[in-house]
Amino acid sequence: MRPSGRAIDALRPVSIQTGFARHAEGSALIRMGGTEVLCAASVESRVPPFLRGKGQGWVTAEYGMLPRATHNRGPREAAKGKQGGRTHEIQRLIARALRAGIDLKALGEISITVDCDVLNADGGTRCAAITGAWVALRLALDGLVRANVLPALPITAQVAAVSCGLTQAGAVLDLDYAEDSNASADANFVLTETGGIVEIQGTAEQAPFSQEQFNELMRLAQVGTARLFEIQRDAVAQAVAA
Amino acid sequence: MRPSGRAIDALRPVSIQTGFARHAEGSALIRMGGTEVLCAASVESRVPPFLRGKGQGWVTAEYGMLPRATHNRGPREAAKGKQGGRTHEIQRLIARALRAGIDLKALGEISITVDCDVLNADGGTRCAAITGAWVALRLALDGLVRANVLPALPITAQVAAVSCGLTQAGAVLDLDYAEDSNASADANFVLTETGGIVEIQGTAEQAPFSQEQFNELMRLAQVGTARLFEIQRDAVAQAVAA
Amino acid sequence: MRPSGRAIDALRPVSIQTGFARHAEGSALIRMGGTEVLCAASVESRVPPFLRGKGQGWVTAEYGMLPRATHNRGPREAAKGKQGGRTHEIQRLIARALRAGIDLKALGEISITVDCDVLNADGGTRCAAITGAWVALRLALDGLVRANVLPALPITAQVAAVSCGLTQAGAVLDLDYAEDSNASADANFVLTETGGIVEIQGTAEQAPFSQEQFNELMRLAQVGTARLFEIQRDAVAQAVAA
Amino acid sequence: MRPSGRAIDALRPVSIQTGFARHAEGSALIRMGGTEVLCAASVESRVPPFLRGKGQGWVTAEYGMLPRATHNRGPREAAKGKQGGRTHEIQRLIARALRAGIDLKALGEISITVDCDVLNADGGTRCAAITGAWVALRLALDGLVRANVLPALPITAQVAAVSCGLTQAGAVLDLDYAEDSNASADANFVLTETGGIVEIQGTAEQAPFSQEQFNELMRLAQVGTARLFEIQRDAVAQAVAA
Amino acid sequence: MRPSGRAIDALRPVSIQTGFARHAEGSALIRMGGTEVLCAASVESRVPPFLRGKGQGWVTAEYGMLPRATHNRGPREAAKGKQGGRTHEIQRLIARALRAGIDLKALGEISITVDCDVLNADGGTRCAAITGAWVALRLALDGLVRANVLPALPITAQVAAVSCGLTQAGAVLDLDYAEDSNASADANFVLTETGGIVEIQGTAEQAPFSQEQFNELMRLAQVGTARLFEIQRDAVAQAVAA
Amino acid sequence: MRPSGRAIDALRPVSIQTGFARHAEGSALIRMGGTEVLCAASVESRVPPFLRGKGQGWVTAEYGMLPRATHNRGPREAAKGKQGGRTHEIQRLIARALRAGIDLKALGEISITVDCDVLNADGGTRCAAITGAWVALRLALDGLVRANVLPALPITAQVAAVSCGLTQAGAVLDLDYAEDSNASADANFVLTETGGIVEIQGTAEQAPFSQEQFNELMRLAQVGTARLFEIQRDAVAQAVAA
């Protein structure tokens, strides 16, 4: 039995509200249960130095957590003067995930930065960030097409992410904080709508796990992301219709 | 005529939503027109080193702005590795404003940090932050009384803030970004519900202004804060009733 | 009765020694009682990136305090690796004050940085810095005119600053450290020689103050700056004559 | 055909030289082809603040790369004043891998830091670091047993790591730099000698990959680590015998 | 012929003004020609962590240069966020020089920090700093004796420093900036009043120099410091008499 | 009698292994007793900003120490976020020493950075670094000549360094850690193969020393470097022959 009473393969209630960041070219406030992440895509007509003159674009991401998004207040990274290892790790993951679904050549010499800021945290913030960031990115690209900057959407895959883990209730989908802090293993899966694997990060927290257990986690991730892809498509459709 | 069509002494639409930061001891999401600031108060049972053993508490504040709260994306302070001068200046102002309304001796050896994070910016973020932060602080103190940590609220004044400025439409109340960036002078007033002055910051942007002009700005500030005090009280009353 | 025995509207002994920083295009060592600030203006034939190609100049300021300018030694900001919030706040104030008295268009694509370093501190360092910095800036501009870089002085106002405060002796002019650390409120006024207001910063330290009290502080500031404008003019006249 | 001519499931030549860091409680210089990583374990009789008084130990890791370990010189992180995101990500991975094989309760209030410094890089540095770091840690623990600080080795699993990837030659084991920079996907596997999974990190570099491809990568990783476990045991046996 | 017309073994005009830093336990403003360094000694009743409980004191130094002490303005180290290599090198030198003349055991658990801040630079700032710092330290120690904190001065040697160099005029004493920037070699000598060597730093700027040349530089240094010792003694005597 | 039993004028066993840093244009792993420093020279076809367009090259150096090169683990400078004063001091010394032996005009607009990383420390690391760095630099220059980038070696002197000190055994050559930490004085000598002095750094640790003692230290340094020059030449000859 899960602490939340959810079925083993049930996501928490998920919603995606577009347009929250009023100035951003695309934005999505994603809620997965008690986790809320504001994703805002910013478009710039230039690329980082290492890509100049190569006729391709770039997509990157930054991640942050408000100091009191968590049970206990954490120090503000800006005040400490540096981003922690966890922040670095997560924002690199988000950026790779987004780049896996876009044709950077077709984007041309444009950079898109997606800021993912956690307003409330209850587990799974990096996966929620990826799922929301894809919507923000999608809407920003849509704006470039509508403004005739791009002839067509340079999107090659729809990308979403979910965490799974081994808990006292067995393998379960979409861990909340209570589960996450007691799981013997957890894994984050970044998948495409055609079932392709973009990124897998699996970690044993207490004891090593077996390949069979890992395969069960991946099966749950396929179930979870199937639902997330629908929610992403609905959010995009409503935003575009508006 | 103001760009927004507002009367000279009209605030923008203002709302305060409490409880947005789920883990915080007190929180308020304040909206003043297109400006939105999330204020979250965190309570800790210890004081900074310079106050240890003095039998009094401390209230401080931190201020941040999401990178895409603004028209153009600004660099993330955590990634730059330092907070800018404007951030320092504002968070010091918020903290002084909050301390002006509290009896630190009565608080006892407790620290309260109020994080003010701007989600969307359209002018007046520091004043909105003060007005919202006072509500967050008030609710956190209320929790301490309900938990019998404090015998009574250690509040000495209700504090709110508003900006006024000299624009092409003359002296006006509550500048939005369009007005602020063209004003010849602007001033931030932190006032108490009994009309006392907690802090005044007035700056000539283009040409020096006169004492008469300054007095007119202060009159508008009294009008504006009178309305803000009501909105604060309503928000507190609803939160406490819930 | 004031600790120093001064009349309520009396400045401390003030002197301005020009040319102390031998390499600077303009410099002024200002002494206000026990407070001494060395102000040095440096001219560069370029402007910061955000102004390039706009046909205007820039004036900025930096502020520092020697570690043992104060009663107890403070840590060196260079060793700590960052400037504190107070430093940021003050140097932004000085820079705004200086820009309020200059026509940046008439300056052309030239930057002037005025370094204000406190050698000895006894209250009122930011106001002394502004008053001295204006002299250093004025002398640097004079040099540009003499060198035919500028056709005329691009000065639009003479600017000086003084602090006032509410103490046990009532409203008083030009607080020293002993008064400043016990004042119930203090305010810094940056004024022009024609009585215009450039900047006002008023802060209640213990209890809110009234508009009447504030008006009395402003009256004292007008008295004090009238005398400071004379001292600035004398210092400039002697330096130019030399 | 692989650039190196190796069979699909062949490791590069691997050696582990113990004792290179003369002062360290345990050390291993691991060479995997052209990749060389110096791993040095340091023992301290105290634990980080978050573990004080909990009766358990801690194992952590730091990772660095000499500036000219790579084809082109990279900037020295100490000179830049911060560790990059890649460094943070890798040292967190190494530390988790090591902790997965140790009983921290049995270790007692002791901290062990394993420094992994890359002297020469030719792909696979994080996996080589893990495999070498386990040997350094094992030898440091051995010293604690010999010194009667610990009654027995607190080791719960033997841990090693290897990278696999999808290249033009198909799925291959132990990528060198030439393969790594052209792989369409790569994955790092941290496994135990009984086949348990400690950590998986799989990343699509160009196109998403399938679950079948992923399973083939994991099969190769089991082949590769089987050989690495032997080499680790030989290195430990020789060091202990000496 | 030297640019300044000085004889080969002539110091520039030297003066030491004590008491300039009003709050410091000892201070000296030393002028050597156009070089001016303000040295301020601060006493604290505690020692750094590595000395706690060892029954001895500590003397350290910090060095800084005002941004416009030089011909062209240099960036402020506090604003850059770090002290440069030259600053580190010089402040370590000053501290070693001061410690060479004091009995740290006799000082007891007291720390003295001497801040040396260059107000105007015209070559030889590190040597001027040492010579002035010794006076500031001496006066601070004198205060401890007068206050009965110490039974006697814990001074073991009088210490001063001077630079010498090989220029077009041959070996010369006390280089000014014009000479220093064209010297083929220069050396800084920290000596005691009995002719002992505390520190030597000699550097070939263009071509290696010979032992004979080096010996001539040292001879000049003995001449120069003999005069500096007198000036130090006079300054101390006057300050103590006052 | 020295702790190591060495004669007063005996170096520790010295060896120089070239080519250790496989990617570097020149590299040398130097061992002096228990001290091991990896020196790697990197060539770039550009010069720092202050030299652009001046038709000359630049040689610089960076120095680091692996955290566990020492008896007790030291904090990693990259993790602390800054290089310490000792590091700054040493890398500036190495760079000056290398530049003293090269004709920067003849080098042309090329920069060479020599990284000196201490793998194991047992005293004398800065001197070992200089001696090894000269070999790495020499080999990198040799490569530029063989590649016809330079017509001839731009070398003007062979440079090596050694430390000497005053210990209980009197003046001795090449201090190891045990001697260094108890010496009453030590000095580092950077000399050329023709006996020229490039740099001298002599420091009294406990009591001032005399000119006679200093001359004896310099005599020992001449003996020691004579042997180091041979070892450098042998290492270069073997590397070039290979």
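Every chain is named by a letter (A, B, C, D, E and F) in the order it is written, and numbering of its residues begins at 1.
Throughout what follows, contacts are C-beta pairs under 8 Å (C-beta built on N, C-alpha and C of every residue); 3 or more make two chains touch, one makes a residue touch a chain.
The chain list, named the UniProt way, goes like this: A, B, C, D, E, F = Ribonuclease PH.
From a predicted model like this one, the values you see are computed outputs, not experimental measurements.
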{"item": "Neighbouring chains shared between chain C and chain F, ordered by label", "value": "E"}
{"item": "Chain E and chain D - chains in contact with each", "value": "F"}
{"item": "Shortest contact path, chain C to chain E, counted in steps", "value": "1"}
{"item": "Farthest chain relative to chain A (centres taken as mean CA coordinates)", "value": "E"}
{"item": "Most widely separated chain from chain C, with each centre as the mean of CA atoms", "value": "D"}
{"item": "Inter-centroid spacing, chain F versus chain A (mean Cα positions, whole Å)", "value": "50"}
{"item": "Inter-chain centre distance, chain A versus chain B - centres from mean C-alpha coordinates, in Å", "value": "32"}
{"item": "Where chain D touches two or more other chains, by residue", "value": "81-82"}
{"item": "Ring of chains, enumerated from chain A in the sense that reaches chain D first", "value": "A, D, F, E, C, B"}
{"item": "Residue numbers on chain C that touch chain E, as the complex places them", "value": "20-24, 27, 34, 38, 40, 42, 44, 62, 64, 66-73, 76-83, 87, 113, 115, 117, 119-122"}
{"item": "Residues of chain C that touch chain B when the two form their complex", "value": "82, 84-86, 88-89, 91-92, 96, 100, 157, 187, 191-192, 194-204, 207-211, 214, 218"}
